[in-house]
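Comments concern the structure below.
Letters A, B, C, D, E, F, G and H name the chains as they come in the text, with residue numbers starting at 1 for each one.
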Amino acid sequence: MYAIKIFTLIALSISTLFSADVVNIPRMSMELAMKVAQESVKSCREKGYWVSAVVVDRSANTQVVLRDTHAARFTIDIAEQKANLVIMSGLDTSAFVPKRGDIRNELNNIDGIIMMQGGVGIKSGDTLLGAVGVSGAPGGDIDESCAKEALKSLQERLAFALLAEDDE
Amino acid sequence: MYAIKIFTLIALSISTLFSADVVNIPRMSMELAMKVAQESVKSCREKGYWVSAVVVDRSANTQVVLRDTHAARFTIDIAEQKANLVIMSGLDTSAFVPKRGDIRNELNNIDGIIMMQGGVGIKSGDTLLGAVGVSGAPGGDIDESCAKEALKSLQERLAFALLAEDDE
Amino acid sequence: MYAIKIFTLIALSISTLFSADVVNIPRMSMELAMKVAQESVKSCREKGYWVSAVVVDRSANTQVVLRDTHAARFTIDIAEQKANLVIMSGLDTSAFVPKRGDIRNELNNIDGIIMMQGGVGIKSGDTLLGAVGVSGAPGGDIDESCAKEALKSLQERLAFALLAEDDE
Amino acid sequence: MYAIKIFTLIALSISTLFSADVVNIPRMSMELAMKVAQESVKSCREKGYWVSAVVVDRSANTQVVLRDTHAARFTIDIAEQKANLVIMSGLDTSAFVPKRGDIRNELNNIDGIIMMQGGVGIKSGDTLLGAVGVSGAPGGDIDESCAKEALKSLQERLAFALLAEDDE
Amino acid sequence: MYAIKIFTLIALSISTLFSADVVNIPRMSMELAMKVAQESVKSCREKGYWVSAVVVDRSANTQVVLRDTHAARFTIDIAEQKANLVIMSGLDTSAFVPKRGDIRNELNNIDGIIMMQGGVGIKSGDTLLGAVGVSGAPGGDIDESCAKEALKSLQERLAFALLAEDDE
Amino acid sequence: MYAIKIFTLIALSISTLFSADVVNIPRMSMELAMKVAQESVKSCREKGYWVSAVVVDRSANTQVVLRDTHAARFTIDIAEQKANLVIMSGLDTSAFVPKRGDIRNELNNIDGIIMMQGGVGIKSGDTLLGAVGVSGAPGGDIDESCAKEALKSLQERLAFALLAEDDE
Amino acid sequence: MYAIKIFTLIALSISTLFSADVVNIPRMSMELAMKVAQESVKSCREKGYWVSAVVVDRSANTQVVLRDTHAARFTIDIAEQKANLVIMSGLDTSAFVPKRGDIRNELNNIDGIIMMQGGVGIKSGDTLLGAVGVSGAPGGDIDESCAKEALKSLQERLAFALLAEDDE
Amino acid sequence: MYAIKIFTLIALSISTLFSADVVNIPRMSMELAMKVAQESVKSCREKGYWVSAVVVDRSANTQVVLRDTHAARFTIDIAEQKANLVIMSGLDTSAFVPKRGDIRNELNNIDGIIMMQGGVGIKSGDTLLGAVGVSGAPGGDIDESCAKEALKSLQERLAFALLAEDDE
């Protein structure tokens, strides 16, 4: 499969010249998305916090929601909006929020996104596959660390994800 | 590029066995989506009707909205929901709506979809790339015929779309 | 723990006379809720369908959402509303919907519930713990069978769930 | 019944090791919830203010709404969102709001919660049973004092509430 | 006070000729509204059902919400919309709904009203003071009977309510 | 001014060939819109009914809302949606609704429109200037007759409205 | 009628001791409400601005909306929310907003109210009858002055409004 | 046609004295609106950014939406709200936002508008025809420059647009 990928990359640079009519958007399988959410909840639980974790795809549509046994129902909404902000900005929310303090209140008012720490991009190499948002710990930095530890624990699987990708 | 595609198809069937962590979702370029919408409006205008045409991608997210000069503002909402129903059902709405009369009112109540004729799938071969919804003509059958004529006028371009696709 | 339960049941009947100020509502752990959703998706996938499965608690608040890799985004909303209807009615939706055809359209208009087959109660003995809704198969009867097969595969675990319950 | 509770506590610590599939969430009876709301309104009325009082359960779902004869309709919405914030944060809003000035505008944008003083937890010993929100007095500190006086007037009843709890 | 009322009634018929700039709308005190809701819940509980009861004023704004200990959260919304329909139509919902089958689905789509049995006007003599909506029993006829029994139990108090009315 | 109009009409037919980049949409002055609403309310009041009347412009944006002293608050929403349906369909709602029984429930689900009698186009000659919706009488036919009588009482003024029109 | 009023006032102070079950809420006739809105628009137009004026009753429900010929559609929403804030706070918004800078963003997030200058109470003597909100001038102070000039031009009529009030 | 326009201008100043019952609002054809959106996207793409461009008419109703192939779905909503703010204020958003910092958060809370740079008026001479909003570049100043370059590239066509306008 490695060989095929090399061909594909060549094809890509050629077809760009012709302005391709179709592009491929990678999407995580439900299994991978669930694993990311599950590890995020587990990581926060080990720190002593009940959280919700939401994984969204590259189009900012929800794939998986996990609300831990005692997490408040509002944490689902917050986690989802954090994840969406990653897709909107292309950055982890801890990087994007301080950068755009000038439009923080404006973006808060847009349906589906919120300017809070705790949203992290899910990547395979440099390719963004989706995002995970975590909410419920007492501090967005802790929410974020849960998400990052989850992704770290899955780093090998993520690194190989694109190599074994499926065309639909 | 033809050769590469054949390799990819083989790869696909193999990787399915390993339950791939990433799948590729094809997305039309904005140019192609705009062309579909534009031809749909033009086709209806030639019949004497002002319509809106909305093109959505495979994730049911809006790519292009065109409201003709005298079409009412509500036609945008209706056209978008027709297109979304195609993504939801995998069928043109003229095929899906009569088939599921048993849940027609239920689906009408779901945000973002409506059980009306005039939503048509945009395909390259057998692959669904997105959908176009048309609203504003006096009858869903006319809305649908505008969309279908638009797609017919683009059939060659659509047929080749997947061959020249880009990975992101 | 068996012994304790017997005591508790006696206490219950006594305290009812005094009109207790607090009652206990059982809630599934996230792990159990996730297992129900996961098995529901798996059961539908084996039949060849991509679905979403949503598990809600006894208060009709979402615990877990799983959208299979190719299920449309609308299926999350539909599945959630089916599960909520179970909590509202106390019955599986396939039992409740035909029973109340007289108010079908009215209940469809209530935020958060929809009159569609495919919502099933999650029980431990006679005690309702929550509900699972499934959406995406071509027919609510298939959605429902996926949910029921999931619950069947978990029947032993569910039967013992209340015996090992935690007070908060 | 005291004896039973001691057994239950022991059982709890054991079952935690096995990761219980079901946990019990305490819920106030309607009578207790109504009493809390009623006393809150009465306390504010004695100070000369017309208010709304809303009591929500541990899942942040409304149990009781009382709008005093001349309180504006908006006070219901505000009181409910204050009560919900208590459930979300686990703290009285007068403690939580100043603590999290960094995300005040973000949380204001989340449906169902608002960062305002006047939401107070309803507890039996250390166990959170729900929350009451009050709105309408000229100052969140007054709203809060009405809620606190209400809870003080019910302190004995609340203290014994868990001892006489019902399993469902 | 009886004497005053007679004067007022004469004044009314005169002032109508001059097209009065201000009219008086009667509003129940919170105490009266709460009593109506409480008796409605109690009546249903005696029949063995958990319900919500919502009382709205003559302007169709909520005064009191009571959700019984085990009633589902959706019953609040339904009960409120039934009560509102009474204000909108001036009739008990069991009288209005069958009368206007021709626009049943249309009115269901209007925010804040629903075409269901179980909404009953609260009157003092012929004067409409507000309305109560009940939801949760297995049948709108039972919901309605709970509301009607509640009003019957308060009939003397209601009859005298207008005699002792306050101008603001 | 008559002379100018003749020139404009000639210009119109020529410029159409060149596919004009700008078209002119006529809009009623607030005064004219208010007069239509006022006469509609007055006509219903004379029949003994309290109604709301809403006038919308050619873009289906609200210009004037009048709610009669005792009309229920929901009548504003209903009247507005009736008026909007006229703009959407180009027909009085009493003509459009029976014609499109096939999509009645679908259109009811679209935000801003409702399939009910009582919406009437406001015309100057054959040119649609906007629409008026009336709600509150016991029957859409009565609502409609109020609107029609209002327009009849203004027929001369409406006939000359376009002759004295302003370019912005 | 003056004589009757004196009786009524005496009755009021007596009945308060018995905690009246019904209170009377004064409501402007549609004619008076329309006059206030009309004069507000006129006053702004004379200053050279196109505005919307919205009059709400004592329950914060809309009575009259006037959007001047060229005012943007958003001004209706803003004007309504300003008027509602007057009902909520009992003060003109120019007095309330600076006083409660501490909860400005919180109240902005409540549906139906906005913290902006340009909402003014409509009073007869000391009795609040409703409120008018104005939006569209370049500055809330100008919006407010239009509303105040309108009320000044109607001061005599307003002063006598309560004397000639109708019981329903 | 030039000659006719001169006549029209004279007619305008006369008819104003008589307070015309109808005024004409210019609206761009779909073709012109689409061209503006298309050039805006193209201009941003040349700078290396994926954006959405939304064109609204003088009534702040959407005419055209273009979302570039990789722009996030939220950019449509943001671009639309920027364009609407231009209609509301009559100014480019880069001029209006800094001018009204005093009500920035209030206006953000109004449905349909947002206080962000990147909305630009579309004019023919001094006449506002509509507005274009752009979103997706890393900075509102870049969004704005894309819109402005688009309009510059169309400046001749826009200048002549009103001369060739159509009455409906």
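As a convention for this text, contacts are C-beta pairs under 8 Å (C-beta built on N, C-alpha and C of every residue); 3 or more make two chains touch, one makes a residue touch a chain.
Predicted, not measured: the structure shown is a model, and the values here were computed from it.
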What's the call on chain F versus chain H, same or different interface residues, using the half cut on shared numbers?
same
Looking only at C-beta pairs in contact, point me to the busier pair out of D-E and B-F.
D-E
What rotation angle, rounded to the nearest 5 degrees, superposes the C-alpha atoms of chain C onto those of its identical copy chain G?
180
Identified repeat of the C-E interface (over half of residue pairs identical), from A-B, F-H or B-C:
B-C
From the C-alpha centre of chain E to that of chain F, how far is it in Å?
34
What whole-number Å value describes the gap between the mean CA coordinates of chain B and chain G?
50
Can you check how far apart chain B and chain H are, centre to centre, with Cα atoms defining each centre and the answer in Å?
28
What positions in chain A touch 2 or more of the other chains?
23, 27-29, 59-61, 69-70, 73, 105, 109, 168
Within the complex, chain B is touched by chain C residues 69-70, 72-75, 77-78, 81, 104-105, 108-109, 114-116, 140
Touching residues of chain H toward chain G in the complex: what are they?
23, 59-60, 84, 87-88, 103, 105-106, 109-113
Mind listing the chain A positions that touch chain B in their complex?
1, 4, 7-9, 11-12, 14-16, 18-29, 31-32, 57, 59-61, 124, 127, 129, 157-158, 160-162, 164-168
Please output the residues of chain A touching chain C within their complex, sorted ascending.
27-30, 34, 38, 41, 61-70, 73, 76, 168
